[in-house]
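In the two assemblies presented below, chain A is common to both, partnered first by chain B and then by chain C.
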Partner chain A sequence: MEKRLIKKDALAGIAKKMAGDLLVWAPVKKEDNVLFAPLGAGDEPFLAYLNTKNAPKNVFFPHTETLMKFTRTPKGMEFSSEVNKADQSVLFGVRPCDAHSFVLLDKLFDQEKYKDGYYIDKRKNTTVISLACVKPPYTSCFCTSVDGEPVSADGADILLTDIGGDYLVEFVTEKGEKLAQYFGETKADAAADAKKAEAAAKVKEAIASKIPAHEIKPILDVNFDNPFWNTIHGKCLACGTCTYLCPTCHCFDISDEVKGSDGVRLRSWDSCMFPLFTKETSGHNPRSSQKERWRQRAMHKFKYYVDMFDAIACVGCGRCVMSCPVNIDIRKIVADISKL
Partner chain B sequence: MENIETKLREEAKRLLLEKKADVIIGYEKGTLPLTATPCFITKPEEADKLVWNNLCTQNLAKFVHDLITQHKNSQKRVKPEDRKKKVVGVVARGCTTRSLIIHLQERQYGREDICILGVPCDGYVDGKGLKGKIGGADIIDGVIEGGQIKMKTSDGDKTVALKEVLADCCVTCRFNNPIISDVLIGSPAPPMNPEAEYDDVTAFESKPIEERWAYFIKEMEKCMRCNACRQACPSCYCPICFVEQSQPQWVGIGEDATDTQVFQLMRLYHMVGRCVDCGSCVSVCPMGVDLRKFLKKIDKDCFEFFGNRAGSGMEDMPPLGKFDEHHDKGDFVYNP
Partner chain C sequence: MQNPYIPYPVVVDKIITEVDTKDIKTFRFKFVNPEDEQKYAYMPGQFGELSIFGKGESPIGIASSPTQKGYVEFTVQKAGVVTSALHEMEEGTVMGIRGPLGNSWPLQFLEGKNIVIVGGGFAFTTLRSMINYALHEDNRKRFGNITVIYGARNPGLLLYKDELEAWAKRSDINLNVTVDKGDATWKGREGFVPAVCKDVAPSKENAVALICGPPVMIRFTLPVFFELGFSKENIITSLEMRMKCGIGKCGRCNVGSKYVCKDGPVFSLAELDKLTPEY
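And then the complex of A and B:
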């Protein structure tokens, strides 16, 4: 596919121009947080970010979305679907770890047997523009341990790589090529490729935090009842910070909200850390304490997802590590499991 | 602080050896630079893990309540004569002891169920504030020395004065030394600046109502309903929070702005006479919602109308916990 070069200082302007024509999600600084949010007309993205506080998953899998609407009429119930309503949009400035999360989420929401129209619709209509990491954003980044790379086009339609004075623009998919008009006319040469390869090798080397993510799969297979699971949950607050900020956590709840004769069926994020997550109507809760909930989180990421989709459900972004209020560090948990 | 840390470890070890406590809840070094994290010490030899410094953030009273409740539940089906006793030890600064007092006043457990290792406190670092001070850079390494935080960051070496990044609640803290304790470690810390306690609230109160409401709306828009504030709060110990009740359902589960506002408003009103301004909810909030502004307003009203400061003494009962049938017969009670 085609490659071009753009000047470094032209990038914000390109996003701004796109935002005039399309719905553009980009990193935006809101008080102390950098968040993925829709760019207003005339707004520029905040490009001096390491990574965003929230994962971009909410573009495809929003915190709350309407699945359908219903109305009670004298003739019975009337239903209307809310699927296939996504706008053409661009997700701008996604780090490769987060773009990798889309590949993982696709495996679940867009599989052969089950297709989630709501997710697929938004995914299909969104062009992902990744911004490669040419230096590790955080010391807690560990993408290279979970099949990721700081410079990677995985999950992206367009990949931008900082190669000094310019960004190398690579159109990875046809969807990406449709936006080529925004990226000038300068064709990239072989020297740019060489610079990119050099930067990629260097930054890969610089990711210092490593976890034995693949090695623990056989250990998890046989250690469901290991006393180790008693040791990690004590200080867990049972809040949903880790799961809500995680790019790959995708569990949800469905509820109906009714007012008068009108109602909506909502899908909202849920979290395996919440006691209510597995509570049954009878009052029984099969995951009765935070121990079982923590085991589930670790197992789901490093065993069940591997069993089902042959991929680890963690991209190594480090959000849960940095934002856990009580410093429960998934890197340490994985390392400890590897020693069982 | 070194000296306090050594004494703390010795005392914790002694309490465990003498079986005066079955577990000690304290802080240990975290896995990220410049962090400390709650820990549970059950073996005397583990007591050396304990730390006490300006990075110890969470109010540990929350865990005291959790552990005692879990233990009580585990003993429910045991014959009374066979029931085991469990004493929970806790490293407690001023605000933590205030929360313990609230638990005791609200009869959550008995004084004999806990053993308080009181420690003096000169404030903790507001992690989000520190990040802001260094322009959001990643902290690679850091130490606190002589009132300075020296850091290696992704943006080069940086030094910040400790007092510039102390949490808001610490700067104007009125009770930075333990109010009750079984073992008092070190000498009392010098006072902070309680005279300025309500300055922020007073300034906020003087704004027009529209502006105050707009501020509330703006702050609540940040909330993503992860419940970290509620979970970290020692006073939020309801077995089932009203947010999670389904019959009736008080609050919707989604991101609807009014649902979020109602959740936070209700939580705020449940804090009347029960918020000790420990700042735990503020420090755990991943989105940086300014909860303290509203909590402090309620605290101020509670003091001005009822003369009560939450958990400031065993005898100073919370206003909602001391209805006096002979004197509190205001008309509003019977004819609202």
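And then the complex of A and C:
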């Protein structure tokens, strides 16, 4: 597909122009954090970011969304499945690790038998523009250990790579090509490709944090009862920050809210780290302590997802490592498992 | 394509109080839109999400058989928010049901085999669906001998009393109903389900056992069947887990690499041996 070049300082203006025509989600500075949020008309994205505090999964799978509406009538409830059609949107400036998470989430939400229309609709109507990492954003990044690369078009419709004074613009999919009009007229030459390849190789080398993510699968297969699982959760507060910030965590709750005669059925993010997640009405809880919950989180990412979808459910963004209030480090857990 | 999160509207057509304690009722639902009945084509052993707007949803096994046309039935114990609200419902009320969800009793595998059905207490509901399905004139010849061992704590807690009477009169089903403790009017068998299983001693030859009941019943019944020579492939049960979506997405009933809602709830003991014991 086609490739173009744009001047580095033109990028923010391009996002701004798009935001005049479409709903554009982009990195925005809010107090001390950089978050993905819709750009207001005339706003520019914040491009001096390493990565965003939150993962962009909320664009396709919001914290809370309405599944259906209902109204009380004398004969009981009447309900409607009317769902707002997703707007044509752009997700601008996604790091390749986060774009990789969309490919992983698609496997769950877009299965052959049960399709999740709420997710799929938003995903289909959103063009993902990835902004490659030409320097490792954090020392906690470990994308190269979990099938990712800092310069990668996986999950992207357009890939932007900083090659010095310019960004190389690669249209990866037809959906991406439809936005070609925003990226000027300058065609990229072979020299630009070479610069990109050089930058990609260099940054890949610079990702220093490496974990044996693939190697632990056969170990997890036979170590469900290993006493090792007693050693992780001791300091865990069960706050759920790791699952909240994780680009691939997708567990949710369904609940009803009523106001007067009208109500909505909502789905909201939930977490396997919470005791109530699996607690049954009888009082029985199959995962009764934080030990079982931590084992579930590790197993689900590095074994169960691999069994089900042939992919590790971790993209190596390091958000859980950076934000855990008690410094539980998934990299150390994986390394320790590899020694069992 | 049908949105799997949206229930079909149904009318509560009939409510039958099953037990003396009045906390287990059978709800018969009719579809508000008759064409939805086709879409809700189910097999014995599947479950549905009963949906009460403003309260939420509860996953419950389907108690009627697909051979019973025009309605679908669920037998529900009053326990949590949704089931308590359901127990307060009146006939004629409109609510919702989602599904059918999950796999079913393995009908193809059961074809041509002798079926031993063991149920304890309230867990008898999807077994009742299976019995009515197998006894139906269109299906009876597809299966061999049918032996049923069903127990409750006392006579007042037996479900489906009219059907038990009707089955007892048939010659093509070996029905053994037992109670832990009888009362003044009880003329039937007394004893715990595992003991009755030992007594009835169904043959393992060309036979499959479907076993559902409280954990304590399961724990003492399984050794009886192992002693009778049943293999783990030929002992089949149905799991319960906390569920929300029912379609393998929300993560709640994830056990090992399976989702109980989508890959179960019916599993053989051989399959359960491969699962992590987290249910």
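The definition used in the following text is that the second predicted complex is superposed on the first by the 334 of 340 C-alpha atoms of A that agree within 3 Å, B and C clash if a C-alpha of one lies under 4 Å from a C-alpha of the other, contacts with A are read in each partner's own complex, and residues count from 1 in each chain.
Methods note: a contact is a pair of C-beta atoms (placed from the backbone, for glycine too) under 8 Å apart; a residue touches a chain by one contact, two chains touch by 3 or more.
Only a predicted model underlies this, so the values are computations on that prediction, with no experimental measurement involved.
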item	value
Which of chain B and chain C A:G184 touches, first, second, both or neither	neither
Which of chain B and chain C A:V326 touches, first, second, both or neither	first
Touched partner set for A:F70, first chain B, second chain C, both or neither	second
Contacts of A:D253 with chain B and chain C, given as first, second, both or neither	both
Which superposed partner A:H300 touches (first chain B, second chain C, both, neither)	second
First (chain B), second (chain C), both or neither touched by A:K235	first
Which of chain B and chain C A:P38 touches, first, second, both or neither	neither
Common ground on chain A, meaning residues reached by chain C in one complex and by chain B in the other	253, 255
Residues of chain C defined as touching chain A within the complex	1, 3-7, 9, 52-57, 79-80, 83, 92-96, 240-242, 244-245, 247-252, 254-257, 262, 276, 278-279
In the complex, chain A residues that touch chain B	30-34, 49-50, 53-54, 62-64, 135, 137-140, 234-235, 237-241, 244-245, 253, 255, 257, 266, 268, 271, 274, 276, 289, 321-323, 325-329, 331-332
Chain A residues within the chain C interface of the complex	67-68, 70, 72, 75-79, 81, 83, 108-109, 111, 113-118, 224, 250-256, 258, 263, 265, 267, 270, 272, 277-282, 286-287, 292, 296, 299-300, 303-304, 307-308
Contact footprint of chain A on chain B as seen in their complex	30-33, 35, 37-40, 58, 62-63, 70, 128, 131-132, 136-138, 140, 154, 222, 224-228, 230-232, 244, 252-256, 283-284, 286-288
